[in-house]
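Paired with chain B in one complex and with chain C in the other, chain A is shared by the two complexes that follow.
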Partner chain A sequence: MVAADRIYLREAPAKLLPAPVASTGVVGWVRANLFSSPGNIALTIICAALIVWIVPPLLRFFFFDAVWSGADREACLPSAQNPEPGACWAFIRAWSSYFTYGFYPLGERWRVDLFFFLLAFGIAWLAWLGAPRRDIGAIYFFIVLPILSYVLLSGVPIIGLPDVPTSLWGGILVTIVVATVGIVASLPLGILLALGRRSEMPAVRLFSVTFIEFVRGVPLITVLFMASVMLPLFVPDRLAPDKLVRALIGVALFASAYMAEVVRGGLLSIPRGQYEAAQALALPYWRMMALVILPQALRVTLPNIVNTFIGLFKDTTLVFIVGIFDFLRTIEAARGDPHWATPITSVTGYAFAAVFYFVCCYGMSRYSRNVEARLARAHRR
Partner chain B sequence: MTNPSSGTDGEKTGWAVEISALNKWYGDFHVLRDINLTVARGERIVICGPSGGGKSTMLRCINRLEDWQRGRVVVDGKDLTDDPKQILAVRRDVGMVFQQFNLFPHLTVLENCTLAPIWVRHMPKKDAEELAMRFLRRVRIPEQAQKYPVRLSGGQQQRVAIARALCMSPNIMLFDEPTSALDPEMVKEVLDTMVELAGDGITMLVVTHEMGFARQVADRIIFMAEGQIVEINEPKAFFEHPQHERTRLFLQQILH
Partner chain C sequence: MQRLATAFAIAMVLAFGAQAASAQTLKAVQDRGQLVCGGNGTLAGFGMPDPQGNWVGFDVDFCRAIAAAIFNDTKKVKFVPLTTANRFTALQSGEIDLLARNTTWTMSRDTTLGLDFAGVTYYDGQGFMVRKSLNVKSALELSDAAVCVQQGTTTELNLADYFRANRMSLKTVTFATANEAVRAYDTGRCDAYTTDASGLYGERLRLADPSAHIVLPEIISKEPLAPVVRQGDDTWEDLVRWTHEAMLNAEELGITQQNVDDMLKSNSPDVRRLLGAEGQFGQSIGLTNDWAYRIIKAVGNYGESFERNVGQGSPLKIARGLNALWTKGGLQYGLPVR
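So, the complex of A and B:
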């Protein structure tokens, strides 16, 4: 065997060719995702057309042609420089403190600001899964914060915080208060109702089923009307709770009935074996629920729970029906201001409201996606 | 088998488990017919028989996972009544291992084991973890302690389940077909763990079809069919001279 006898076709390895352009990079992605089949091509073209049709006018309205400053309606009327004015942000700016605080007295508005800060702090503490001492965070959020908020917002004259009747509250303040109370109250109440519905005690079960089915069978508006109109018929005026409190109770009860069904769905998904294993370890009922069943049930229903929260957040706008000035109602009121009466004032107001609700709801939705992904990862560690 | 001090008054007797005239119906279906059984402390009982014969149901009556209509079950001298306190008292000292493992998927292996010691026995977390690690070493999977159950093989999961039950320092261990849901190559590791456990003198009641295990470990074998105890005997006699036709038939089928 001599090397010279061998015939080589090639003396060096062939150079590596780059991957074909048509299947990688931008071109490849576009081909694979946008133009892979006739149906896909048609959809791509339709979507592109929709984007071209919708996005530029929106951008023009919201940004390019928008009026950012001005003292009154003159600024937002068509003029030589701006023949087709977009959103009248000047109007929002002029009314922004009303949108935030309602008629809350000027000198006391720092209390509302402080409340917003304390609430944001509590939410951040609980929402950030890696935060230190989240158990204290929960105590702060569910016990300390409600008391503090009540003291701050409603006032305790003895410690130098004058009373602010809830009829003066309004705007984002009311929306946030109603939504937060609804969310914070509905989850524990909903869990209790869901457990009650599956209870072995007939009285508890009957109560839970009746409550859930009754509340679910009635529109929120009816619940609010009953809370604000019918309650005073039975309770003397002096004893009747505050109008806002009544609405809060109505919203919380309404939301908890829905939450109960969501939680029940989660409970149904837990296999019997989990209950039996917990029972065999001598865990008493509430420990079993708190340590074994609910953590799993709430985990699987997290998307539905957040979905209910989002629905609740938007439903809070209905409290205007019983004469409470929530955020949307303040916009309603402000758009009638003759100083700012222009063809676009109302549109601007509603656009602003839409952006506000969207940001809040989308934030909740993103957060829940985040938590889901994190929980899924943790399980597969 | 030697009888310890007798007595059936429900107070501390020598018996680990006393079942008398136990009857249970699912609707019209009579699952347990007049079961009478006493198990001495430290005794190892294997229960076998065709499926649907009431083996698991009887086992699950011992920690009251199943309710019954007539009869009496006394565990460790504690009469199992409807009283929830009494039921919890019995369950604290009776460990159970299930066919489907039933580990808690949202907790790590270690947390699975420490849950009951911390929340039922009120043990400090650190002590509970030490205890859990001791039992995890015994079932030879200490290195899996920080993992979640889904990451473990079936055999490993079942061994965790055994460790979890042992962490409550039970006097009695119930095994409900512990190897039936396992792939064949994992059966041995679980059986080995159980054989080791049997050497410790803990009272064991095992529902299983593993006749090799029964022969090696059992003090008595119980054959159940149609909700009745057909035959109770020591392993040698049970396999070599089954008394009843039904037992012979079953053994033929299961031993080929």
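So, the complex of A and C:
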């Protein structure tokens, strides 16, 4: 038995001792991350105090003390069981169809639902990187979907879809339509304007600069006000475009001016050598831009582009100035309902709006972070 | 800001020449097959949507009454929600045929905007709400009280006038929106809250304990709310004015939505003239002679519309007050149809 003779030899590696308790596990993580220095300790305490101060009341308001069902304001008034009622979700429930569709006729609301589905389908197709045939997805999203949406929402009486004038649209429907049109139109327009501003053709450059500076120099609310109030004075009633269309054009042009400056920032960050290299390969202007410059420039500016999108999404609330009932405005209208008037009705309405806008904007922001991470990986190689 | 915007918009309209009001509004409405009515959209009891997205309210009913008179169909109205800033421009530019949006009839508006007011549909006025625990019975006891008010409104100016006229010292706490002002009042930052009496009842429901507050009897300003039309189209103005008068006359004569068919057989000459059994009154405003019958059948008389939207049949429970018929101590006086 060889082993018995050489008992000083280990037959198995020594058992690994765990790291000191103080540097592993929960305690270790806490010490390393939360209490590593006096400054850090102070910050930790402040943050913890803030959380304790803010979160429980929020949870109470949103969930524990909230009123989930009821027929009218009585349900959301202080009572013996619930002396300090939280959010009156029953009110949101009662009004939810108005928040979603506005004045859209009851019998035609399936069309809006279908539109939401088609839009979500298109976004998922484009946003999910592993999806099959994303080129068809792009065609669907940028060409098929707009036509389909128009037919669905506005109606074509010949094929049995009655006309629904845009004055009846409202709520989330309007918010989504305005935001989507603004976002989809502003990126290509913005890129064109940015290229135009850096163009060597004086006429193109002058036009781009004038447009960008003029639009950026005017508040969106003024653009919308002009479009809705002044236009009917100059154009005969019949030729004046629809109110929602006016707002859509206003928002799209406005957003594209901002987008142009964002893209220009990206273009400026591309070193001269890239242009020269592309020219040395005899690439014509558009191919140089499409294959060499823009892919790099857009990657650099992606956070700013999404920033502009998020800003635009929230700016859609301004269309109320021209009498269009967007999501926020429908809530403002509903909170005056005497059947539901309680001290918490308004607060509930605004809390609901905050949740909606937060979910949408945070979703956009998360997605852009993913795309950034993916692009950065490709770049690192 | 809003007032500046209004002033600017109006100046632009005047400068560029508002389309001279064509005397063809009725024809345009008939050709279009739809009345376009400017409304509030967010004022409880007067003009706002219900959860199904239908417009309801006192001003809304007035537009529906006109649609009933013209088309015999209360659904043929398109409502355009307007703000205080853009309501007059919308009418001047021809975007709407009629403005029924709790708009106060004042001399300057009547004389300088190129618009005409067609009869007072609701006599409103500024009032005060206080806590019952304050033991105040009259607005005259409010000296040194802190009053919550929305800034930049005529309400704020009326308040200052009233206190100055009565030699009381005033402490105002102003807020940008009515909502904030009400919240501040409810949390005890002020002793009293003031706005138009019609609004006070709606706001009171939003307080933590509505029964702990009272609306004081004093009305310190005159706010006659009237429908507005473009100047220069007298036929249209007549139609709007007499729609209101027809609803008033119906109430005076006891004609209601329920009994209007029986009333057709009445022997009373007043009833027969109103319902079109005698005379050519409908034709004189460009309609058929049963115009008032259709209004009452579809919308009811003035009192029915009032009670349904803002009175006892609604959560607002506003008393008739000045809006009672003249025979019952109010100011509503139906001009004779004859």
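Rule of thumb we're sticking to: the second predicted complex is superposed on the first by the 363 of 381 C-alpha atoms of A that agree within 3 Å, B and C clash if a C-alpha of one lies under 4 Å from a C-alpha of the other, contacts with A are read in each partner's own complex, and residues count from 1 in each chain.
Just so we're on the same page, a residue touches a chain if its C-beta (ideal position, glycine included) is under 8 Å from a C-beta of that chain, and two chains touch if they have at least 3 such contacts.
All of these numbers come straight from a predicted model, not from anything done at the bench.
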item: Contacts of A:321 with chain B and chain C, given as first, second, both or neither; value: second
item: Partner chain in contact with A:223 - chain B first, chain C second, else both or neither; value: neither
item: Contacts of A:337 with chain B and chain C, given as first, second, both or neither; value: second
item: Which of chain B and chain C A:104 touches, first, second, both or neither; value: second
item: Which superposed partner A:284 touches (first chain B, second chain C, both, neither); value: first
item: Chain B versus chain C as contact partner of A:274, first or second or both or neither; value: first
item: Touched partner set for A:73, first chain B, second chain C, both or neither; value: second
item: Per-residue contact with chain A, leading partner among chain C and chain B; value: C
item: Residues of chain A contacting chain B in one complex and chain C in the other; value: none
item: Chain B residues within the chain A interface of the complex; value: 63, 65, 84, 88, 91-92, 94-96, 98, 100, 102-106, 115-116, 119-120, 147-148, 150-151, 164-165, 168
item: Partner chain B, residues of chain A touching it in the complex; value: 271, 273-274, 276-284, 287, 291-292, 295-296, 299, 378-381
item: Chain C residues touching chain A - in the complex, by the definition given at the top; value: 5, 9, 12-13, 16, 18-19, 41-45, 48-55, 78, 80-83, 86, 89-90, 93-95, 179, 186, 202, 205-208, 314-316
item: In the complex, chain A residues that touch chain C; value: 73, 78, 94-95, 97-98, 101-104, 106, 165, 167-168, 170, 225, 228-230, 232-234, 237, 321-323, 325, 330, 332-334, 336-339, 341-343, 345-346
